[in-house]
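Some structures to go through are shown next.
Look at the two complexes coming up: chain A is in both, with chain B in one and chain C in the other.
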Partner chain A sequence: MSLITTLARLEAVDTGRAQPLATVRHRHLSDRPLVLVPLTTAGEAGAPLGALVGTDRDEPRLLVVPQPRDRDLRFAFLAELADVVLPYIDDHAREVEAAERSETDPETGKRVKVEVELCAEAAQLIVPSRAGIDLVRLLGRSMRFRRTAEQDPEAPHPAPPRVPLLGRWFTHYGERARVPGSSLLLALTDVLSRHWATGQSTLEDQHLGALLAWIDPPDGGSGAEAALRAELLRDAEGQLVCPPAGPATDPAFDNKLLAPAIERYDRARTALAAAEDGVEADDRLGELTAAERHIRELVASRTRPTWDAVWRGLDLLRALPEGPRAADRWTRDRWSFTGHRDRVLAGEPPQPRRDDAVTAANKLATREREQARLEAQEALDDPLVMAGRRLAGEAFAGEVTDVVMAYGEGKRPSPRPLVTVRTDDTPHLGERVKVYRSLGGKPQAAEFVGYEEDGATGAGTSPPGPESTSGPGSGPGSGSGSGSGGTLVVLRVLDRMGRGREPEPGSVPEKGDLLCFTLFEHEQRGGAKLPDPEDTPWTHGGPPGGTDTAPQPDAVTDEDIL
Partner chain B sequence: MTTVFDPGAEAARATDAILRDTLHGAHRGVVVDSPPGAGKSTLVVRAALELAGAGRPLMVIAQTNAQVDDLVLRLAEKDPDLPVGRLHSSDSDPYDKALDGLPNVRKSAKAGDLAGLDVVISTAAKWAHVKGVEPWRHAIVDEAYQMRSDALLAVTGLFERALFVGDPGQLDPFAIVGSEQWAGLSYDPSASAVTTLLAHNPELPQHRLPVSWRLPASAAPLVSDAFYPFTPFRSGTGHGDRRLAFAVASDGSGPDRVIDEAAESGWGLLELPPRHTPRTDPEAVSALALVVRRLLDRGGAATSERSPDPVPLTADRIAVGTAHRDQAAAVRAALADLGVPDVTVDTANRLQGREFDVTVVLHPLSGRPDATAFHLETGRLCVLASRHRHACIVVCRAGVTDLLDEHPSTEPVQLGVTVKFPDGWEANHAVLSHLFEHRVTGEA
Partner chain C sequence: MNKAVLASALGAPSAFGQSQFAFMRGNAFEARVKADGGAELLRLVHEKLDPGAEPPAAGAVPDLTAVGPEGRAARTALALREAGATGGWTLLDHPLLTLDVAGSPAFLEPDAVVVHPDGSWTVVEIKSFPMLDGSADAAKVGAAARQSAVYVLALERVAARLDPAPEVRQTVLLVCPKDFSNLPTGSAVDVRKQRSVTRRQLDRLTRVEDIADALPEGTCFAPDLPAAELTAAVESVPATYAPECLSACELAFHCRARSRARGAVTTLGRSLRAELGSLASVDEVLSAARGTSGDPTDPTVAALRRAAALRAEALGTRTTAPARDPARGAGNCATSHGAAAVNEPQPARRTAGRSGTTCP
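Now for the complex of A and B:
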């Protein structure tokens, strides 16, 4: 945790209110996101109990599995979910704009520009908490290898149509959520705690109700107290007033309310199956319907508060202006979305169970690059984030006090002006360390030349030290004169000044400019190209074997047919 | 067993076996585990010279530019006539200027310019961009345990067979994003290159160097027991072979007393009063700086097997090691205030592979309220505790043993991942219990 985050958390404890960690919104929010509030059943990993899903905050669609261990009911739930999610995805997949992408020409081996389609907007999925992302991933894994009756007429227990497709999309969204800065699938608690610091632990921040209580306490009271209430307050029946955002449910709810309701449903079903004539069956069907309705009401009562909380959280986030570079990252999300759409359209098989060596290495490289990009972009977008980097010695801001024109060596001397910046920050500068500033959205590089004592030109590469203004080593000019204090950093500007001998106008800092230089790069270089998967070398086990390339459906186990 | 341990003969035997497998073995790879200071670089240089001498051109893959430049200099020192290529990046200042003075070293940013040279050396990152060249028959991968599996994946196509050399006890490579998704896969891209290599090629011969020439007799048993419990090694020197003496007597202060203790026993622990502090604990930082200042002021002289006369302990023979970069920066600033330039101050990651006479270390857990996996990492402590030829002084807040007891390892167990022994918790306890015997209590 950075110093500035620690400070914000301390202030939150002190004031009882969450403190801002950002002045802009660092994640893109779609105008029409799809919110999914899922619940699971205790005792079986990833067994859905129900969900609220939809794009309209006033009219969520309630999906319920009245007996979560019944595979047919689970499939029915997944089919219903697919009926909500896939049309939403299709809406976005249809709207395209023309874009260019460079590809390697298979004949000439050269990089050429290719006209391709890019989806104008990607489908955005929002879940309440990080555990919701895990569930999306888990559901994706459990669905994408299923075979429908159409694909495989012989298969026992065929999946409803479109369920495998939903599995592939969920898998794609789950994987994309692992890419730093991506916004295709967001956990609201993660996004909120990126923008506000609370006075509770990061673990507690994953409780959506408690987190919102800190950020936006009801009736303007203490956030800390409201958060405590959200976490612990129970009604007369011993039920949490603010149900957990899930997907796991509160054990008191499971034991006292859900279990009896499911038992009643089971009894009604058994009775219906045993009915001997139509009149009896009618009665028992009525009881079954009542039992099912009761479970639906229970599930609705636990998901609706979370549903409303998610939309409230989105309102809070929408109140922040979007960071300029968040749009750039969203474009990458749109490429990702379009890419998956194209793979599905091209009839490619579902994502393999495990990544092969090359795919894994490529994904890791991409995510590391995106992480570095995200950290740089957030700082450049947001002075509050940049302040944290400045405190950590990774950036410095100050006023240009002097600019001396100088030229590089070589046959065609190019401009290499020396710029002196007065800063109160303490960057970790070393000999010839490169620093960057944003010039018209592009990074301009400079290198550290040395520190300059006030009035003197004897530059050294070790900082004068915080005591130097009062210590015996300070020069005669320090501590007096302009009274501005700080250290004087001399930099040599290296690029973006044009091709000529004289720098292009506006490309060199001028005296009096207020600038911010970073020690980190603003843009990330692409990594080395890895071999194709079929050329995986001997150190990594050779090309992936034939068994893994054509994904087989999971073997049917006893548990699949309870 | 009454056989006398002859370090020179043991080491020579191990080296011969390695070279035999490298030059004449049937396997595509040979792995060499080397404890700290066991002559890894010497081995790499010798293997390169022998391969080149046998008319087999080779490529050498190191991890950092400093390591590459160092290898080039060592090769040129051993055989000034050997044609060596230094493949470098196209950034400004891509290599050490000292290479310009070597007539037989050709430098280029393009692999094609270096074709035909006996030895071509570069970093793994640069090699990964080399495409469309005839593969080398031989390669040497240096610091292979610090190389990530995905970096090896990018360069394996460039060679047919390779000698992998590295220290399994140092810091593992890391990824700046989570990689749990691939944990347990034999080719986990965030694992070390050697882990992946051996998972897929378990039949490859594995050797280890049995003698540490760097660590003194006082340090080798501790480092060996704490960090290499299943592959013990010995010090190449005996207890009387190294001596550290100071011209100026102790002034009785904490720093002076811990210096004397360390000079006498090879280890010193300067214990500050218990306290939870920010990472850049001002008292600990000033204690570190003061110890360094006193080491220099008291006119230290180091006697070792390298020369008959004592060698003055100068600033370039001292290093300060920390866990975090901001700690290193704070120590640098404190040293500048005390008027001490030229002492290396860096993090464990950057001190890997380096050697000094005396090291002064800020304990990674000092002043912390918690023991995270980062601070517990075995390799971090191992690097910090194994950089010295004479003595190591650790500065630490009291109470770290209690902290360890309150924070047992809680990392999730991943299926298919070989559990690393010892874990950081155990290694930290082993080192601390030894350091307690050399404890000096410092004033706050």
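Now for the complex of A and C:
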């Protein structure tokens, strides 16, 4: 946590309200996201108990597993989930636009442009909390190796059709969620706490109800008190008034309400199976239906508050304008979505249990690159994020006080103007350090020449005095005008001035301009290309063995929980 | 002392509790692992930890029942001594060990301890979280390793009393369900690091007698005392709350409320103390940031004021300057009224539920 974030948190403690951490929204939100609020059974590896799912905030679809230990009921749940999620994904997979991608021509080895399809919009999945993302991954892992009756008629316990496909999509979404800045699968608590600082610890921010209470307290009261109520308030029966966002349930709910309800359901089912004639069976079927309805009501009562909270959180986020560069990251998400769609259409096998060396290295490199991209783009989009970078000495802002035209020493003299910037920031500038500013959306590079003292021409590469490095603002009145105080930084502009001897108009800063330079690059370059999986060197395990063998399904036993 | 009851009496009941589903599942899995005289468990220990030894045909499972915890602990020590002499595999199901914690004995009950044919001992921990494709949740494995390390320490105490002292293996066996099935699978976990950390922490713990000596005469923690008296009694024992306490201690909500009331910055996380130096309370930090208190030559105070100024500037100029050109027109000082004035006419931010500027 940077000092500026810490300060925002302390201000939140002081005011009792969450404080902004961003002035724009740094994640793309689809117009029609699919919200999934799952619940699981305690103690089982992600065995679903129920879920609310849908794209319409007023009409969520309720899915319930009345007896989570029953495989058939669990499969029925997953099949229903697939019936909601897959059509939503298909809707997005159909709408395409033409795009270009450069590929290496296999014959000539040259890079050529290829016309490809890009989905116009990707399906966006939203879960309440980070644990929800883990559950999506887990469900993906459990479903993608299942065999349906069609694929393998001999296997016991075949999965309903489309369940393995849902598993592959969930796996893809879970994997994509690990890429920094991606928005295919979002945990609402993560996105909210990216944009607001609350007066509680990051650990407590994982509670969606408490987090929302800080950001938007009901009736405009104190956020701190509302958060405490959301976290701890219980009704007369000892149940939390604001149920946890899941997927785990509150033990008090399990023990007092859910366990008796499931027991009643089990009894009704046994009784129905033992019924001897039609009339008796009718009665007992009625009891079974009532028991099931009771469990459905219980699950609905625990998921509906979270469902409403998720949509309220989305409203809050939508009120922020989207950061200009968030769209660029969303385009990458669309590429990722399209790529998976194509792999599914091409009939490729499900993602393997373990990545081979090349795939793993590629994933890691992608995450590192996207992390750097995210940090740079957020700072460029948002002055508040940039303020944090300026505080850390990774950027500086100021007014141009002087521009001197100069030329490079090459055969063809090219413009290399010297720009003096007065800044109150304390960037970590070393000799010939490159700095960047945004010029029409593209980065313009400059290099650090030296510091200049007021009125003096002699420039050195060390700051003129310790007073100015300790930062203005330490005394009242400093920095009240743009002409006094601060450090004078001399920069040599290096590019984006056109090909001619005279720089193109508007490409060189002018006196009086207010500019912000960063010490980090605005655009990330990809690293060295990795070999194809078939060319994995033996030092890294060699080519993946038997690439054409499809992964085997998990062994199935009678006591499986998922 | 029952801290959960105490917490309820203080008006800040703990949120701990176990779902009966989790409880049933844990027990069912453990029973399955230990079925048939622990054949499956011994097979896993042999395979994962001691493949050189003879395969376990039928392990001995001594009876460890006795009256009272001391009796059971003594029975466990005896069974361990006898098992070493047989030269075969022995499984101790739920033995009872003692460990000296801050000067008073604590009783510990590992899931199982296995005696190898070479006389060495291994701690076995059975957990019901799954091991998916050979890996399990790192946080849960870490917790299990810390737990097992305490058992290893306790076993070492028992071993030290024997002659020759048998080896207590520093690698424990963690048994979990495999993938999504109910079949057990095991993994060797090296707990040397956790063991030495725990040992150092135990050595450094203030002894219970010393804490008791420091308390005022007549301090009592009986939950039926009036709340005010009880609160005063609990207050007499110093506690340093941090958010991590929430997942470990029944009294955490009480301590959190006190910590918040005091305005301690660690309520938001331990790392804040490192960042904020000597400024320990929220008010101190904020007044230093606003320039009304604090020593401007203190680097922390200077950095805070700089942070406050930059934050006010970024928030205040949002509508007056393009996003990429943070202008400095609003001034650099957080307390500047200019910055506050710029902030006011922004209806969009109200609807976003934020309170806008924090400047007075």
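Please note the rule applied: the second predicted complex is superposed on the first by the 538 of 562 C-alpha atoms of A that agree within 3 Å, B and C clash if a C-alpha of one lies under 4 Å from a C-alpha of the other, contacts with A are read in each partner's own complex, and residues count from 1 in each chain.
Going forward, a residue touches a chain if its C-beta (ideal position, glycine included) is under 8 Å from a C-beta of that chain, and two chains touch if they have at least 3 such contacts.
Model, not experiment: these values are computed from the prediction.
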item: Between chain B and chain C, more extensive residue contact with chain A; value: C
item: Touching partner for A:A372 - first (chain B), second (chain C), both, neither; value: first
item: Partner chain in contact with A:A360 - chain B first, chain C second, else both or neither; value: first
item: Partner chain in contact with A:R141 - chain B first, chain C second, else both or neither; value: second
item: Contacts of A:G541 with chain B and chain C, given as first, second, both or neither; value: first
item: Which superposed partner A:P251 touches (first chain B, second chain C, both, neither); value: second
item: Partner chain in contact with A:G278 - chain B first, chain C second, else both or neither; value: neither
item: First (chain B), second (chain C), both or neither touched by A:P156; value: neither
item: Chain B versus chain C as contact partner of A:G393, first or second or both or neither; value: first
item: First (chain B), second (chain C), both or neither touched by A:G109; value: neither
item: Interface residues of chain A shared between complexes with chain B and chain C; value: 3, 354, 471
item: Residues of chain A defined as touching chain C within the complex; value: 1, 3-4, 6-11, 13-15, 17-20, 23-24, 41-45, 68, 138, 141-142, 196, 199-204, 215-216, 224, 232, 249, 251-252, 254-255, 258-259, 316, 319-320, 324, 353-354, 380-384, 386-388, 390-391, 397-399, 424, 438, 470-480, 482, 514-516, 554-557, 559-562
item: Complex interface listing, chain A residues touching chain B; value: 3, 178, 180, 354-358, 360-361, 363-365, 367-368, 370-372, 392-393, 428, 432, 462-463, 465-467, 471, 527-531, 535-542
item: Touching residues on chain B, where the partner in the complex is chain A; value: 28-29, 93, 125, 128-129, 131, 149-150, 152-154, 156-157, 175-179, 181-182, 185-190, 193, 196-197, 199-201, 278, 325-326, 329, 332-333, 336-337, 341
item: Chain C to chain A touching residues, read off their complex; value: 15, 17-26, 128-130, 132-133, 177, 179-183, 243-244, 246-247, 253, 260, 263, 265, 267-269, 271-272, 275-276, 282-283, 285-286, 289, 291, 296-297, 299, 302-311, 313-315, 317-318, 321, 323-329, 331-336, 348-349, 351-355, 358
